[in-house]
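Common to both upcoming complexes is chain A, partnered first by chain B, then by chain C.
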Partner chain A sequence: MNRLDALRGTTPQKPHDARAIAALAANPGCARRALLDGAGIDKDAAARHLGFPAPFGQSPFAITRGNVFEALVKADGCAELLRMLRELLGLPIAEVAYHDVENVGAHLRHAHTRALFDRAARDGGDAGTVYDHPLLSLDIAGHTAYLEPDVVAFQLGGRFHIVEIKSFAVIDGQADPSAVAAAARQAAVYVLALRRMLRELGHDPLRVAHDVVLVCPENFANRPVASPLDVRRQLGVLERQLSRMTGLDRLLDGLPADLTFDLLPDEDGLPTRPAAELADALRGATARYAPDCLSACDLCFFCRDEARQEGATDLLGRHVRDELGGVASVGEALGLADGARDPAEGQEEIARLLRNAERLRRECLA
Partner chain B sequence: MSDRLDQLEARIDELRAGVRRAMRVKDTATARALRAELRAAERSWDTLVTGGLDGSPRVPDGAPQGLVTVREQAHQALTLLGAPAQPRLIAAVGEAFLGGTLRGSQLTSLRRDEERSFASSPYGRPYYLCAALTDRLAPARGLLTVSTWPLERRMVGPLSPRVDFLTCAIAVARHLSPDPRAARLLARMARNIPGGAAGDLGPPDPDRVIEAAANELAVHAERDTRDRADLAERATSQLDDRARLFGGTTLITVAGAAATAANGGAPTGPPAGPYVLGAPDKGAGATAARTKTRNTPTRGRR
Partner chain C sequence: MSLLTSLARLRALDEGIAQPIATVRHVHLSARPMVFIPLKLSGEAAAPLAAVLGTERDRPHLLVVTQPRNRDLRFAWAAELAGLLLPYIEGFLAATETVERRNADPYERALDAPQLVLPNPAGVAFTRLLGRSTRFRRADGPYPVPASVPLLGRWLTYFGERAAFPGSSLMPAVTEELGRHWASGQSGLEDANLAAQLGWITEGPSDDAEDPLIWPPAGPATDPGFDAEVLAPAIESGSAERVTEALRTQLEPTWRLMWRAIDLLAGLPEGASVAQRWEHDRGSFSGMAAQLAEGAPPQARRDGAVAAASRLARLERAQAAYEVQRAYDDPLVMAEHRLTGEAFAGEVVETDPEHAEGEGRSRKLRPLVVIKTDDPVRLAPGTALGTPQRRAQGAQLVSARDGLVTLKITKGMGRGRTPAPGSVPEVGERVCYTSLTDDFQGSAALPEAEATPWTHGGPPREYEPGDEDAREEWS
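Moving on to the complex of A and B:
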């Protein structure tokens, strides 16, 4: 791991949160992101220093709205939540025990969470039902990240369910697919963390259900509604991505030995490294830009700018890039299409397709 | 009452200064308005100092309730509910039944003020708004209680949040008034009690809510009563007067002292409680605390 510390340099390490870990799973092919996250580099600070600040972070209004909704769901001993769990999972009436893990001081919360879950897994139904704000941990490339799911529910059936409270509305049974996907990725991080904890404690990790409970406001009112969400696919992606991160050595081997992404912060934490030098260092690690990055990565504008300068096909989205396999830039694709360029070896097939497309386009325009 | 008087005196001084300033710049209109306010404040000071000694402010029905302090309003709401409650619920009850203008956010610093007042002159007030105690005899997050209640009622076992909710629902149903805000509050509570609401539409039937809540209460009552009695016994034997009202030493101080004493050793558990730390993970403390503070801006927790 010394190599990763060297990459980070003197900049303090940035702890991962569930959102960041979930975003990892969104673009598994990006070596730049894998390295930066593996080394715990503050991507936001780097992007700002480079002059490409990301339009990132939630708006304060969204945060307030989220908190108000969460307080509503959890008010009066999770009264609303218990109703929904009773309807959705068939929670028995007697199962109402509520543990607020946040009553414990922040530094003991993780140990307390472990003790509570150990007891619940051992004693079965008698131990508790709803755990508010437990603190889980997950090892990311040698660093421990602490995560805080909204609620964990434990049912008599002996299974733990992660409950994720989100404030986007479910209207007529439909919700914004990208918001649901983000929630599912985030919940998968919690499921994984809880499973690892149970395994460490010597219990069956599969006692954490892969069905998470998503609680959202229903229609145009503030009334919460719960729906089950299967996160098996997200779990698979996440596990693969995390195991890749532990295998960062392979990525590191391909880098020059003196490469560093250090911002060289002064006493006030302001970066002193010349931006151009940092940009050169970052270009040393290949990125895999896709338009989706704009909603998931702090460095998105930097990578987009880079992709634009190179005229890379990445700009056109993943689908187009995959279709144009073997053709690196937009200029090259256009050259192949109008015959100005001879296809290299292995490009005959795509060149034929592009020429056909160009012919069709001309016929349409004529 | 003395804090109310202090408040009024400060206000009177402020108004007098304001009148003087207005006169100096010859702004007669403002001066007239300020003097009217000054006279009103002096009148309330008079009534308080002569007649308000019994401690119960007499507020005529339907009159603006500006003179009932936040503390008193919270006390009335809690007495009506008869169980530990969150500021949100207290505010809703105050609005629905007592015509109050209470807002949940006004209650946040109340407990700390009460603790300070108790520390400077113990039992100087007829009642205190104090904390509910968790199974580690620490103050429970966001719950208010009244010091005159029996200790058992102020304890929070695992089942207690639900039991308290049902108790509050029954109290609200019993006091149901024709006020639409009261009906709305009851409807919201009834929805979360199995068999409490007939359907989504129409006003809730108080008798039905009481019956449904009592049915569920019967399921939890035995275990909850036992838990609370155990906790109350422990609180009586282990805590001093102040801690019994406002919660035992917070774990942060205990563990912090232990950590400095043992030089980074395992933080000791709470002074009381069956809870044993399995294997405290090294250094998790500091890191977790840091993670938490870093998370605060994004999660924006209270």
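Moving on to the complex of A and C:
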């Protein structure tokens, strides 16, 4: 049994989706997250069991709205989508074929997707084709993750475009920047998966465009609008992070051989492992908590609690930590500021700044 | 954020209570603020769900869209909102003062202006979107709405745009203002939670603040758990009363927090430049009212190239002025500049008040002042300096070494052969000088909109809101 499987133990593997893979790139320095994800552990279940349930959920209204919008875009063989693609890509597509990969049944979908894309890449004809419900795959730390995009891959003249459907609004040409950034990270996962598939098939991976097509509702109505979105930067981050994950062995080497994050689920799938024991095991793998985790990682409250107990400057955000130039604990930083502690080697500059800042604050608040 | 603020955050974390990072209040507080807490339907861009608003803390008005997907109810809600907000806004237009201008006609400026107080920046953004979704509607034509709705839309759009203006107090967001005056022991991200941030300032941190069952989010997004377990079944039941009561529970706690926050800010003495910035707000408010009175069309969907460039220049200038004014008003803000060496404070140890340069007719009075300081001065000789103690004064750095700074005063000591009394600091006085000054270069001259060069798309088409705009779906 490989070490990652041992980490997971008897807990069923949680498949990765594009959102989870995209979130990996958000905090590349976190060994705890890398190991949990590498082993395919259900972080949400673990957080709940530890008494630190994740602070995010999705409103049923938002889910309904998202589903309605996606259905609208894809209705009648993606008629609405095709209209937009014609406009956006400025292409004289008289007729475009629509191919629903889901028709073949789930178990064959991935193989079928491969075969379809292989043929399309080989023919390289001018005929445009929309592939609905393709099933892509991506290797994450030696495990194959299947990606079931609500997206559609569009092929024209031998080039493929990833289409990402999102239900946040674009109002007068502007959308919420954080929502767009999240969509870009997620779309980058699909671009990468599709590029790797083409490479395996012996085609040029760059035939998958780095410009994805983002489809969102326009203004306050349900009418969709398509916009191009360049995901080159997100692709770079993702590739770097995935290559690090293949280096999980190095992270594992530093851990005790009997370490496991097994939840020991009973027949109903409920964890039976004592929470304190699981917490101890998790502390064995170093986390790198940052407040941004609060919107991206299921374990965030657990790690924040740990950072509080350690009095880590990480709690205050990356900005503060960077400004403190590597002083990791609150006590240490305050000690340097009021002169109770002598600076270690390399800390002279930050100690001088902190002492100065402390003097100024005292003077102004006296 | 500066190292000074970071240190305050560390101290707050260590002591379990927020630390002051300002000694005066930098935001204007109206005697009669309109507290406005809107909620929106999750997943929608700008579908209002409810709002609580009012100018008196014991008289909150609750407005609810009992069936959020019903377009007619939504417009009825907007009309109700207009019924409360428009009389408040227009109530400030009657009392005015005449302002004389150089090279322009005098104009009327309101003596006071409305102030909408929102919980957080997301609330401000939602208010702007509410304005965007209502300002193009019409009282006639195929989808008529009450005439007050498009008018409200234009005002909310105006407030939303003004809120982006650094130093404006027409529509402040409470979490931002609290964050400008206190450093909590949590991250800036977590400070966006009003209950948590206020907790740090008043009693110290508590996990309750993050429990949506105890402190519901301050909007505009509602708690997903509340949506699933309370709101969705209530809407499903078709009982308007049930929906109203459900939303009341989400808004009431925030209403109390808002007034608590206003009290906290009111407890700080007002900064010296706050009145001047509020005067700009009053002028801007009167300008908007004048545009409406002249029958100008609703604000365009997007600025043309020239309008955008000039807006950007105004924003940059306002940002720079705001930063300088805050530093001059508040020694704790100035301390940030002292830390980086752009300002210094200390005691005057020597003066030569009658020092002069040049001979005969070109003789100029240039009093010399030597200041002893502990601050790390990083200013080159010749740098122009200003001082919060004597705002009309101009000075120039002569030399700075070994904790002794010599400067010569170049402006603000009168026209006589000797300096006017009090214009030169005395030995023993504590003074502060800084290279931050309020003199800014004027922005580059921009062409008229009609002369927009082809590189910027050529002259923009005059914006005329059409039927399309008025009929725009709001689903």
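Keep in mind that, in the parts below, the second predicted complex is superposed on the first by the 349 of 366 C-alpha atoms of A that agree within 3 Å, B and C clash if a C-alpha of one lies under 4 Å from a C-alpha of the other, contacts with A are read in each partner's own complex, and residues count from 1 in each chain.
Convention: a contact is a pair of C-beta atoms (placed from the backbone, for glycine too) under 8 Å apart; a residue touches a chain by one contact, two chains touch by 3 or more.
Note that this is a predicted model, so its numbers are computed, not measured.
Taken together in the superposed arrangement on chain A, chain B and chain C fit without clashing. Measuring from the middle, so to speak, at the Cα centre of chain A, the directions to chain B and chain C differ by 100 degrees in steps of 10. After overlaying the two complexes on the shared chain, residue contacts for A:P217 are found with chain C alone; chain B is out of touch.
Legend: residue contacts after superposition of the two complexes on their common chain; A:R361 is shown touching chain C, with no touch to chain B. In the overlay built on the shared chain, the residue A:Q13 is in contact with neither chain B nor chain C. When the two structures are aligned on the shared chain, A:G331 is found in touch with chain C, with no touch to chain B. When the shared chain is aligned, chain B and chain C each come close enough to touch A:T64. In the superposed model, A:S178 lies in contact with neither chain B nor chain C. When both complexes are overlaid on chain A, the residue A:C78 reaches chain B alone and has no touch with chain C. When both complexes are overlaid on chain A, the residue A:T286 reaches neither chain B nor chain C. Contacts of A:V320 after superposition: chain C is touched, whereas chain B is not reached.
Minimum Cα-Cα distance between chain B and chain C in the superposed model: 5 Å. Comparing the two interfaces of chain A, the one with chain B and the one with chain C have residues 57-58, 60, 63-64, 66 in common. Here chain C touches chain A in the complex through residues 1-4, 6-11, 13-14, 20, 23, 41-47, 68, 129, 132-133, 185-190, 210, 222, 224-225, 227-228, 232, 301-302, 331-332, 335, 338-339, 374-376, 472-475, going by the rule given at the top. Residues of chain A that touch chain B in their complex: 15, 17, 19, 57-58, 60, 63-64, 66-67, 71, 75-80, 82-83, 86, 93-94, 96-100, 102-112, 114-115, 118, 128, 135, 137, 144-146, 148. Taken together, the chain A residues at the contact with chain C in this complex read 55-66, 167-169, 171-173, 217, 219-223, 291-292, 294-295, 311, 313, 315-317, 319-320, 323-324, 330-331, 333-334, 337, 353-354, 356-361, 363-365.
Residue ranges on chain B touching chain A, taken from their complex, read 85-86, 88-89, 134, 136, 138, 140-141, 158-162, 164-165, 168, 189, 191-192, 194, 216, 219-220, 250-252, 255, 267, 275-278, 280-281, 284-292, 294-295, 298-302.
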